[in-house]
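Here it is, the structure in full.
Lettered A, B, C, D and E in written order, each chain numbered from 1.
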Amino acid sequence: MSTEVLVFDILAVVAVIAALGVILARNPVHSAVALIVTFINLAAIFVMLHAEFLAAVQLLVYTGAVTVLIVFVIFLVKVDDLPEFYGGNPVQRIFALLIGLALLGEVAAAILTRSAIGASDIWTAEAIADAGGNAEVIGQVLYSEYVLAIQITAVLLLVGTVAALVLARPASATLPDRVKRTGLISLAHPRGADREVAAALPAGLEASRRGETSGVRFDDRGVILVDNAEAFTDQTAWGGDRLEGDD
Amino acid sequence: MDNLPILSMITYAPLLGALVLFFTPRVDAATSRQVAIGAGVLAFILSLAMLVSFDVNESGMQFTEHIEWLPDVGVNYDFGVDGISAVLVVLTTLLALVGIIASTSITHRRREYYISLLLLETGMIGVFFALDLFLFYIFWELMLVPMALLIGVWGSANRVYAAVKFFLYTLFGSLLMLVGIVAIYWENINLGNAPTLNILDLAAVQYSDTLQFWVFLAFFIAFAIKVPMWPFHTWLPDAHVEAPTIGSVLLAGVLLKMGGYGLIRFNLSLTPDAAEDLAPYIMVLSLIGIIYGALVALVQPDMKKLVAYSSVSHMGFVTLGIFALNMQGLYGAMIVMLSHGFVTGGLFLCVGVVYERAHTRLISAFGGIVSRMPVYSVLFGVLMLASLGLPGLSGFVGEFLALVGAFNSYRWAGVIGMFVVILAAWYMMWMFQRVVFERAPGEPPDPHDNALPAVSGASADVHDHDDEWPVDEHGVPQWPDLNRIELATILPLVLLTIVVGVWPEPFMELMRTTLETILIPFGSQGV
Amino acid sequence: MEELTATHFLLLSAALFIIGMMGVLTRRNVIVIFMSVELMINGVNVALIGFAWEQNSMVGQSFALFVIAVAAAESIVGLGIIMALQRRIDTIDVADVRQLRE
Amino acid sequence: MLPGLETVNPDLALLTPHLIILGLALLLLAIDVIVPRWRGAPMAYLTIIGYAAALVATLLMIDTNETTFNGMFRADDFSVFVNIIVLTAGILSVLISINYMTSRAEPGSMPVPEYYTLITFSILGTMIVGAAGDLLIVFLGIEMTSLAAYTLTGFARHRTTSLEGALKYFLLGLFASAILVYGMAWTYGATGTTNLTEIATELTAFDTAGGVEASLLLAVLLVIIGLGFKVAAVPFHMWTPDAYQGAPTPVSAYMSVIPKTAGFAAMVRLLVQAMAPLRDEWTIIIAVLAVVTMFFGNIVAIAQTDVKRMLGYSSIGHTGYMLAALAAFGASSDLNDDLSVTSLLFYLLAYAFMNIGAFAVVTWLQDRGRGVDVEDFRGLASQSPYAAVIMTIFLLSLTGLPPLVGFYAKYYVILATVDADLIWLAVAIVLASAASAFVYLRLIATMYFSQAEQPAPEGSTPFLGAGLITMVAGTVLVGVFSGQVIDLAQEWVEALTVPF
Amino acid sequence: MSDLLFLIPLLPLLAATINFVFGRRMADAQTAWLATASIAGSFALSLAAFGNQLDSDEPLTQHLYDWIPAGLFHVPLNLYVDHLTAIMLLVVTSVSLVVHIYSQGYMAGDPGFYRFFSFLPLFVFSMLMLVLADNFLVIFFGWEAVGLCSYLLIGFYFKRHSANQAAKKAFIVNRVGDFGFATGIMLIFWKFDSVVFSEVFARLELVSVDTLTIIALLLFTGAAGKSAQLPLFVWLPDAMEGPTPVSALIHAATMVTAGIYMLARMYPIVSASSDAMFVIALVGAITAFMAGSIALTQFDIKRVIAYSTVSHLGFMAFAIGVGAWVAAIFHLFTHAFFKGLLFLGSGSVIHGMHEEQDMRKMGGLRKYMPTTYWTFAIAAASNAGIIVFAGFFSKDEILVGGWLDHQYALTIIMFGAAFFSSLYIFRAVFMTFWGEERFDPEHVHPHESPRIMTVPLILLAIPAFAAGVVGLPPEDGWIHDFLEPAFHVEEHAEETASAIAIFQEGEEHAEEGHHVSTAMTITFFALSTVLAIGGLAIAYLAYVAKHPAFDPRAWAERAGPVYDLLYNKYYLDEIYERLIIHPLYWISENILWKIVDIEIIDGTVNGVAATVNYSSNQLRRVQTGFVANYALAIAIGAVIVIGIALALQSDLLG
């Protein structure tokens, strides 16, 4: 067992255990942490497979941006007090387990009997080294063969942002008469405050809707009640509301 | 005269009328009726012109039209007419014209009614003219929707069930035919010929027996549903009972002929060997159809259902004649189709006349009509006699020829078939006598009547509509005799029945060469 | 197993992929499902890079790079949807999201 | 430059339609920010003009079978036909959505400008897939279309069902994309290249006498499953009904055509072009999927009460017919009279007209304040006969009744399947369309054979009217003139085999 | 002459159509006059044709047009008159003429007068077409047309349910006969490839005797239906519901004899198969005997005469069966006149007694209707076969023919029938005209019918009495040589030996019948007279002299069940009703319609629709709304697809 294989195996095992941690953790935060551990391990493996640039990208993009985003969302949407631990009913979990194992068996069978290997290309380890390292080579390759792919990916990311913009923008302040929300994601709010308040406040709302009060009030627990976000903070969380069809 | 695309003109004359009506929504009912009649008359006159200049001795197709359409899949716009389709087209245009004129009883949404009627007519004519399997299939399905609408929108009580059943039944059959068409298309190519869907070219090729069997079966089921043959017939009574009078006239008058025509045009010419092998089985089915139709008609309380089952029985003769595979059989089949058109068309008109007055179709509600409506009774009588096959009227000529043909190929077929002579007389006489003669409910019995039956008194439902007709002292509604329109529509059919019965030669002469060409593969053409 | 061969990383990638799939099947919390899918994608990346390594070619690595980029784009949209939904119905429990059925 | 690499000077002229669309999208984004006044209708006109321009550019590019970006981008006749389908569908869906945005169909407000941008991006994604010469480009194109589709499904943010539909579509889309990419990875693993034509040459090298090598088979299967989701083949179709019902109706219309075309284009590129040597393996799988999809889609549609959900299931049914066309690939000895992909492409075009048409009439009703339940169609024929006639034309075309384009499309598919000796598949198509008749007939029956309970719908929607007219014209005329369309579609044979 | 033949049937047809169409607007007398004139025209032309045939053996033929040119099944519409037809023409037109004149009186004042006088000539037209036909199809046309006219005329009083039922029954029973006839025609066409008599008769040798037997029997079933032989005679007694002139014309003189005429026309075929001849003879004999026995117990005067007709038709069938062809036609000739007279007489009685038909309510009408009484008596005598009257000679010749054909048993039965025929007819005479008046005088005032009715009676009485002269001396009277050419088969030299042998044997058979020994003639004369007088005497003793030994009621009790059997017409009607009609109704109602049509076929169709709907509802529940379930579906789909593919297609499992 050469040291290289040994290291690879350790990293692989840790990654797998972390992955299991992701899907089995009760608390999403714990699974997020497990996810980060997995990503780090994978980065290490990438380095072993002479894909140093990829390892860097992995760390930067995945561990850095995506996971942070996930954690950020977890906090924002208050998932900590989730009632039950596992998702579907027990029968479904066992069934899913069986399916997973079956699929693993199938893929493993394909792996073990694999003989079709593509013709080896010119980029051996030495070639990469004297061409200036992995990052150099990847840069050259990307901007020679994959120019089109890069442009398309750029457009793709643009679409992603437009989509996020469309979806996550707050609707107009005057929501339909369902539940009058007291202030949206304004940073001044103590965590979890608005949920209880919203539920406990139907009487007060009628008064506020009719516009008698000046717009700022306090409830019994000292939480600041405002008619709408503008009333409380001068600057809304998402910038000026430019939807003409809103009101 | 022959450079004019006469066949397309006949086919699209009704369509023209339908489009004119469709795009003039604000026109009132009367003018829409005029437009419809105009289109019907135009189509009829053109078809007569075609018939007149039809050359009897020419065995191939006449007035053919050919326009390249989808060359890659061998589809082109081929129209042509020969003996059998010429006769059936004239029947179609005549009955459609009669139908349009007789549509006085339709009250709501008359404009859409005329549109569907004209669309139906175009579909029917197109089927008879199309020489390309693709084009044939298009017109075959084109008829489906207007007929379903006619039944569904203007029908009576549970019309929706009948319309849906009719639509799905025929659609299912025709879809099987589609697979048949495609199968024979590829087989033709695999045998090395150019890709084509022209019937004549496809008929010229000799296919393998297994393919012939499956293609025969695919076509046969579609046409058997349309004829209708015995196991597939249950949609007919429902469709007839629910359809408006004119819908029934066209449904029985022409739509059923599509099945027969299709069997002759496709099953006999495209797959002759399979036709020959399967002929006995189909004859057994037709015999069941004949006897079964007659027996069940015996016990029908509703006039329209009785006539519907009688047409199941009559159409059994068509398939019996066709698959006798000899000259007499085919002649018989064609003449039964022709005469069934007038006779059953006329019978439905008569039932419609009585339905307009009494608003019920139950036989038990009628009686003693002859004293109030003598002219109607006479015409109804002649049609009834034609229906039970009295010699001298068209029914007999066709049925007897079909039976003779059947007898020549299989003795037992002829003999069993002949039984219907007794049954037909039985149920027709029973219905006619119960409706026309006897005493109207409420009329006092004749003093010398030896057998005083317990005539089922005044059945309640008859009288509640009687506010519209004057009532005599015994409470019997004095229905007026046929009005001008009703007479103008029923009389021509009766006259035609008598003419075809007494002097069928001109019609038979029309078909002679065509039937001979069709029978060549079976070796019994001249006989 | 003297030195590193393809089966190693392929088994790893398969494991990660399957575990990710199991996560999607069993969990009801949208975020965890999302994370499980990220796991599956990482499994794919491992496979890609492994093949590149095996065949000494850069194709696999660039492919993996683009896959990561796409995964990033998807996460933006995904979280966007989750945010919008959460604002509406206060839950990210998949079970409650059942108005559309049958 | 490093050895083995050369700078690529791409012939951008081949990309004109794609660039037009990209330019349009960016322009729309700019307008959204710079000239707020133009939001809404003027933007829509611009979008339509843009699509029309791209369509003209595509038509000009017929028979220019060339590739650029060293094989990554193939401007061949197949991509031309895909562009035609997608751009026509784009024009139609934009036409029907203009009035929808401002009508009282959606209670809440919707960010209208982004709507047109996202649709344009989605169209760009599909066009990329159409023109893809490489696995990566296919994947990117698919992702672009899907991202736009997820967002558009959740466009009516004030309605939780819309977001719910989007969420389901997104999660399962992600899941399927992962599977697709995994399949692509395996393909790369086995062949060493991601270029489609090279993969084909590599695969011919393997002998498949005793049975295909497991890893190759796995690659093909994973690709089929991944794309199966995109085109809503049965075991992977679960998202479709919820997404169709949740999304605003014009989006459902768009979604039923453009992302599905992307899926089928990807299938043709991957299966027909790249994995042609394994055709004996995957044609059977596709055929089985096709039959299951046909029957499931049509049968479940019968019991639906919500028309949009019913049309969703019926679109699954139509996917079944298209899969059947694909399954007929490669059976006939001489490739260039192989009708399989030709019938698939023609079916997609025909399907675009009739399906968007059906959704358009639902939009027409919604614009006038009537719901989407089957009961809302009750007695429509007596109240507004023209709308009823138009809806009947679309439904009859979907059933496959002759004079309309649906019949021609189904005829060509049956032609292809019978040619491939898949007689049982042809009979399945016939039986499934008989079952589908149940579905559409029920709707026609409610329109024509029963009395109306609600007040007659009134209101004017000029653009929707124009859209409906074009679609009716398309449904009636495309069939009659399908000769020329088929000639163009038949070019795929030569297009796919062009070496880069 | 041959190109005027078409006028014979055309004149009555024209009269019928004109009366039918314009009848309502024409006065009753006009319609009657027009009809009678047309029949008179036909009668004159028939006489001319008869004259032509008297002195030439060449038959008159006239081709009108080709009716059905269907390849070999070529049916020309030809009119053909040979000696046999000439006689029939005479009989039909003469009796019709008399009946037309008589009906003007009988039907006077009836609202449907014009309708009666359009149907009657229509009937004559059909009968003439039947008689003049020269091929099977035209004869079949006449056959059914006659059936139709009898339907119309029997159901003339359409208000009466019994009349309608009787009309329908007549038509349908005739149709049962027509079934046999049509099947026979089909067999003939199949075997001879033609339906024209001359062509068929020319090709007789090509066919085996068994086929000929079958053909003959089938034709006989047709004849049995029309001429009311044993199984199918049930309709004739009920046909008395129609007006009496109708019964006289149709159910005595013309229509019912059509069957016998058809068999005579088919001489070559029928005579070739001896088995068929035997069957015909047997059926004829039994019918004669049975009908005679039933007639004894009937009280309605018209039904007695009706059963007498059936009995006499049995005589004619028996005559044909035993090869006495000429005797059959001779009896037909005489029977037409005296049976017509009997009916018209009874009509005049009924007319006088204000529609009263039951003999038990009559009696002693001699004084009130002398002419009717005397003409009725002459007809009765002729019917009974009293020595000098016409009926005696023809009936006797049949009995002789029967004996010569060695059908001894059957001939004895015929003797019994002959005895019955005298007994029941004189019973009727004595019950109506003799004995005490059993009607109550205030209501019923019997009176002699007006001259318009009595003159035809007298006109018919003459041939009823003198028609026998035609057949004197027995076996080779005028009628025998006149009909001789019709009943012998031309020699065909080159036919195969066996065929000639058959006809040889048939030939002597006929010769031997000609010169019968005078001793036999005398003995048969004596025997017939004894029977006839015996019948008269018994009737006289029973009904006029009321002799205790012959009291009818006493005999009735003594006979007991036999009497009931006879009175109820051997329960034939009930048997048919229970064995055929009810089961048929029940089967078609409960089994064919309710079960096969609705349960099985519709059941399956609706079943398919229901299962599709049910599966649709079940499948739809698969869509649970859970995202996790959706992903599960994808996963399961993936596992299954990969598993099966790997198993089947990959090289894993070899």
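Annotations
To be clear about the criterion, a contact is a pair of C-beta atoms (placed from the backbone, for glycine too) under 8 Å apart; a residue touches a chain by one contact, two chains touch by 3 or more.
None of the values given here were measured: they were computed from a predicted structure.
The set of chains in contact with chain A as well as chain B comprises D, E. When chain centres are set by their Cα atoms, the one at the greatest distance from chain A is E.
Chain nearest the geometric middle of the protein is B, using mean C-alpha positions.
Centroid distances built from C-alpha atoms place E farthest away from chain C. Among the pairs C-E and B-D, the greater number of C-beta contacts is found at B-D. Chain A and chain D, compared by their mean Cα positions, are separated by 30 Å.
With centres set at the average Cα position, the gap from chain A to chain E is 103 Å. As a whole-number value, the distance joining the C-alpha centres of chain B and chain E reads 36 Å.
If you average the Cα atoms of chain D and of chain E, the two centres end up 79 Å apart. Multi-chain contact residues of chain E, defined as those touching 2 or more other chains: 609, 620, 623, 625-629, 631-632, 635-636, 638, 642, 646, 651-652.
In chain B, the residues that reach two or more other chains under the touch definition are 168. The residues of chain A that reach two or more other chains are 87-88, 92, 96, 99, 103, 106-107, 109-111, 113-114, 117-122, 127, 137, 141, 145-146, 149, 153, 156, 159-160, 163, 165-167, listed in rising order. Touching pairs of chains, sorted by label, consist of A-C, A-D, A-E, B-D, B-E, C-D, C-E, D-E. Interface residues of chain D, counted against chain C in their complex, comprise 135-136, 139-140, 143, 147, 150-151, 154, 157, 160-161, 163-168, 170-171, 174-175, 177-179, 181-182, 184-186, 188-189, 192-194, 241-242, 245-246. Residues 381-382, 385, 392, 396, 399, 401-403, 407, 411-412, 414-415, 418-419, 423, 426-427, 430-431, 433-434, 437-438, 441, 445, 448-450, 482-483, 486-487, 490 of chain D touch chain B in their complex.
Residues 6, 10, 13, 17, 20-21, 24, 30, 33-34, 37, 40-41, 43-44, 47-48, 51, 54-55, 57, 59-60, 62-63, 66-67, 70, 73-74, 77-78, 80-82, 84-85, 88-89, 97-101 of chain C are the ones touching chain D in the complex.
Touching chain E in their complex are the following residues of chain A: 87-88, 92, 95-96, 99, 102-103, 106, 109-110, 113.
Across the interface of their complex, chain E is touched by residues 165, 168-169, 231, 233-234, 292, 295-296, 298-300, 327-328, 331-332, 368, 370, 385, 390-392, 396-397, 400-401, 403-404, 407-408, 411, 414-415, 418-419, 421-422, 425-426, 429-430, 433, 437-439, 443, 445-446, 448-453, 455, 502-505, 508-509, 526-527 of chain B.
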